[in-house]
Amino acid sequence: MTTPLRFGLIGTGRIGQVHAASIAADPETTLAWISDPFVDGAHAVAERFGGRVTDDSAELIGSGEVDAVLVASPTPTHVDLIAAAVAAGIPVLCEKPIDLDIARVDALRPVVRDSGVPVALGFNRRFDPAFASVRARVGAGEIGELEQLSIVSRDPSAPPAAYVGVSGGIFRDMSIHDLDMARFFLPDIVEVVATGTAVFDDGAREHGDFDTASITLRAASGAIVTITNSRHSAVGYDQRMEAFGSRGMLQVANAPTSLVSLSTATVVEGRPPYQEFFLERYAEAYAAELREFTKLVRGERSTSPTFEDGRAALVLADAAQRSATERVVVPVDLA
Amino acid sequence: MTTPLRFGLIGTGRIGQVHAASIAADPETTLAWISDPFVDGAHAVAERFGGRVTDDSAELIGSGEVDAVLVASPTPTHVDLIAAAVAAGIPVLCEKPIDLDIARVDALRPVVRDSGVPVALGFNRRFDPAFASVRARVGAGEIGELEQLSIVSRDPSAPPAAYVGVSGGIFRDMSIHDLDMARFFLPDIVEVVATGTAVFDDGAREHGDFDTASITLRAASGAIVTITNSRHSAVGYDQRMEAFGSRGMLQVANAPTSLVSLSTATVVEGRPPYQEFFLERYAEAYAAELREFTKLVRGERSTSPTFEDGRAALVLADAAQRSATERVVVPVDLA
Amino acid sequence: MTTPLRFGLIGTGRIGQVHAASIAADPETTLAWISDPFVDGAHAVAERFGGRVTDDSAELIGSGEVDAVLVASPTPTHVDLIAAAVAAGIPVLCEKPIDLDIARVDALRPVVRDSGVPVALGFNRRFDPAFASVRARVGAGEIGELEQLSIVSRDPSAPPAAYVGVSGGIFRDMSIHDLDMARFFLPDIVEVVATGTAVFDDGAREHGDFDTASITLRAASGAIVTITNSRHSAVGYDQRMEAFGSRGMLQVANAPTSLVSLSTATVVEGRPPYQEFFLERYAEAYAAELREFTKLVRGERSTSPTFEDGRAALVLADAAQRSATERVVVPVDLA
Amino acid sequence: MTTPLRFGLIGTGRIGQVHAASIAADPETTLAWISDPFVDGAHAVAERFGGRVTDDSAELIGSGEVDAVLVASPTPTHVDLIAAAVAAGIPVLCEKPIDLDIARVDALRPVVRDSGVPVALGFNRRFDPAFASVRARVGAGEIGELEQLSIVSRDPSAPPAAYVGVSGGIFRDMSIHDLDMARFFLPDIVEVVATGTAVFDDGAREHGDFDTASITLRAASGAIVTITNSRHSAVGYDQRMEAFGSRGMLQVANAPTSLVSLSTATVVEGRPPYQEFFLERYAEAYAAELREFTKLVRGERSTSPTFEDGRAALVLADAAQRSATERVVVPVDLA
């Protein structure tokens, strides 16, 4: 058995805590350092999962005691933290998005590339067993040529108006996961068109954002991707996919929360609502994401999405934003 | 194209009307004569579907104008009508059961056999596309050896108490369809055990009958059949089957009444209740039953259930009745 | 009971034959005249369902013996036939589309309006029990405000290349049904964007057409409609819908062709493929469409789609065509 | 937070290892001692989850260092181990069955009762979220009066012939779980009838056992329970239930192993086979069972099945065995 990888966790909010638990639970990894300017959060995590605590991420990166850094801090800090980590030669797994500003991402791009240090992006859904299985089966030719990919992604309820204001908009904040999922199947997207409206959320209206959106992507192969997004869903977190190919179709249903169905005089075979939100729906995916990143750090063959994938998703989100606001079809070049 | 078969319909109640419509709709058959002591009923049928009318079935049978007789009159008349028809050399399709008294059936048995005149029994469910498909696929070995057959059959609501009193009991009146279905798959049943209770229907209690029952049959092959019956079902007519074999399982679901499902904050993927009752559920089966009987009359290869099948189902129903009342396991010999 | 409406059927191809059968089967209607330049086709229909035959539609319209005209002839003849019928004061049910050229439709528009003669369009899917039920339930507020409508419509296989060349393209030929379905729910569409590619069909490529397409519509209310089309589908005719509202979701599944599912060591709960094509899938819808048109002719309250609906669908199809070829977002004004 | 309960685990086979993992994972419990005559097994468990090791269960019970004993050793040792533990005043969670011989169980019965020491039986399925939910909903009256309960339970494949010989037979070894499940809903069973056959397993034939069985139970309320068992299932572990009541029906489906379904030209909506076996299917149930037993030990309100439940299930299994071999209906008195 190999020595466990020592992780430095930067950021101890909701998603940071998920990663802390995954790191602690996996015998291949251990939580060595935790940093958060809100140091009480870091202490709380350390109490549950171990690790040294600091309020300064630079101390963590410079400690000489971490083999990998997991960046789960607010988006505006990502670019600098990635830069610092790769400067120190430490591999990074960074939560999406890299940044809301493509210019800052593009500035970082050669730095990452030239460093040779592995940088992975936290597109956890690629590691969901269902989506990963569809990807593998499409790759194996089980449905022939992939011609249409439909992704439905609806959050249970809209975020607070204050968050909407700093989120970068629905495309950069929420659709970015679906845009990466599209590229998981069809990396070479050449065109984006998006339609967005604000039909229920005052927060979205107030900030000129959308709460309801539809994105169409065209791939170089001619395959077409349709993404359907909403900031709310009365039936629970709605995460589905349909891969349509020349020889068949693979569909991912919502995860049932119970095996029990009820039939009565008014409705038959009704089941309880879907899962609450992403922490439940993607619990397995977060753990698998970590395992895959661990392989990357160890120099093994790994399918972790890269910095380039993170950048590509942002380029697509920017294109969707421009398309939806300027009402144009936007060609993209991800090379 | 052959000349249409001229049918004489005896009995114009609910099921008689179904058959009248089928006969009229099928270009292979025509409704020539209709008899019912309640002659207004016969006239009403004739008005819609054509045919001459009489209140006397003997006139119909003796008319020389019918090629086949369809007996849809009350059960106590079946034996004499079959006897009269075969005496006249006219093939008969008789609604189940032949009679409630096995002694009368057994007395008729050699008469039918010796006459050489085709007598078919109205076990319509054999002709349901779903059940027929399962039967064919089991026969083709698609699930290997058939080891367990489960039949669920629940009526939407209990019949009137007066009817319960003359019905012959739940086993002879209702389960008889399921007992025949068991024999459709496994003709050679060697043992019957049944449990019945009266848990909701005062009519059943009053007449010493059951409203809820479970029957287990053992086939010569070792396969086991389980029949689950209830005289009511809040969710609508409940007609399901599961054929379990050494290599797989074929299941028949209830027929949906709509392709639409509703998902809300409290229940997802709920659908409207199942079909009302047998007229809706088995509409196609009645038509197919008639087509198959027509083949039998024409001397073609036919899968119509025979007089012997009708007798065997009654023997099993009698055994179930005895088992349920005397609390014994009852060996049967259907030869 | 009222006197049956006397129909004149113009065109006896596949869809004309469907209508002939519906007219003959409905006691409210009768097939009086049949015209087709290919007069053998007309004779064949007359033999099965009755009616006088001509190879000249003018004779039919001028016969004084038809109360309504059903136009099921090739698309280029529709405008003149509608004009002739309304000139004769005879109500028309015309198969979609009115024409492939909006200019001709617009020229006919005031003629129809000023005539006061009812002209209905054959958007049969509005009468499908499942789609009609969803429409009614959305209208009744069962899922709150309608925010997103997703329509999937895939034909079993691509038409012959020769047909593709005269079809007007996938949007005017195939998507037009879905565009009308969108307007069934959200009549006031204000914007169209479409993406089309040719990924498998040489016929489409040859004629500069698409075999795969995605259309996004924006309604005045802010609701967004997504239409997913393909000219082929390995799994059978694929006709689904999802109406997503503020309080829930109504979904229309594909029609099963059997109640039977098979489970084996490699796959569980598998069912046979979906229905072959529209004649099976929309059999009930065609009959209901006719009943509703009969009401319209009789001056009763009717929900038949009108000439204006036919025009609106074509405007949307044109917009989709322009969007897909010029890569622009197209505002539309259906007033 | 309370001090963790110190567990002594007796037996480190497959099920003992499951319990060891649960004990280690639950912060309320800790693994203090482990005994197994095959001491290497005990050491292996200790290495993963901690705890002192002995080959002598008496040392464990007498150590003074265990607050509760978990008996996961072979069935013939259960009675003596329960006796020893209660003599030492230590609560016991014992795997089913208590013993294969009801006389030994009845001899132990007053000892347990008089001791006042909690003894729980490992009927894990009561703690499965799906079955527990149905039980709670039936108890809350959601489907009115419970009238029929159907349990399907099929193992993936038959055990080795050698095991069959010492298993006590299918009813005591396998059906006992379903018999307890029946009593979970309907404790007051008054009658048993069972049919068993050997249709595929030479091991069963060799030992006069059955591989296929059907059991019908009658409850004092008149409700009827049907249990369908098989020692093999090509489609995977088959664990379903249907609770049918006067106002509706609750159904438990098999647990899907994936959210993905495949549709092709030959089969639509097919999914991968069900779970392998009980370790996967009931993983959550084992952990919940332990939590509930912990409450029992702490003197809190607990729903752990008791020694009496263990005895009742054996009485029913004995009755089923007698019914199936002597072909009689067997009245039972569980008081």
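First chain written, first letter: the chains are A, B, C and D, and each begins at residue 1.
In the analysis below, a contact is a pair of C-beta atoms (placed from the backbone, for glycine too) under 8 Å apart; a residue touches a chain by one contact, two chains touch by 3 or more.
Which protein is which chain? UniProt says A, B, C, D = Inositol 2-dehydrogenase.
In this text the structure is predicted, and so the values were computed from the model without any measurement.
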{"item": "Interchain contact steps from chain B (Inositol 2-dehydrogenase) to chain D (Inositol 2-dehydrogenase) (minimum; 1 if touching)", "value": "1"}
{"item": "Contact-richer chain pair [A-C vs A-D]", "value": "A-C"}
{"item": "Maximum centroid distance from chain B (Inositol 2-dehydrogenase), chain identifier (CA atoms)", "value": "A"}
{"item": "Chain A (Inositol 2-dehydrogenase) and chain B (Inositol 2-dehydrogenase), separation of their C-alpha mean positions in angstrom", "value": "59"}
{"item": "Centre-to-centre distance between chain D (Inositol 2-dehydrogenase) and chain A (Inositol 2-dehydrogenase) (centres being mean Cα positions), rounded to whole Å", "value": "42"}
{"item": "Chain D (Inositol 2-dehydrogenase) residues counted as touching two or more neighbouring chains", "value": "143, 234-235, 247-249, 254, 262-265, 269"}
{"item": "Overall pattern in which the protein chains touch one another (line/ring/star/complete/other)", "value": "complete"}
{"item": "Contacting residues of chain C (Inositol 2-dehydrogenase) [partner chain B (Inositol 2-dehydrogenase), same complex]", "value": "129-130, 133-134, 137, 142-143, 247-256, 258-265, 269"}
{"item": "Chain D (Inositol 2-dehydrogenase) contact footprint on chain B (Inositol 2-dehydrogenase) (complex, rising order)", "value": "143-145, 147-148, 150, 152, 154, 191, 193, 195, 197-200, 212-214, 216, 218, 221-224, 226, 228, 230, 232-235, 244-249, 323, 327-329"}
{"item": "Residue numbers on chain A (Inositol 2-dehydrogenase) that touch chain B (Inositol 2-dehydrogenase), as the complex places them", "value": "234-236, 254, 262-274"}
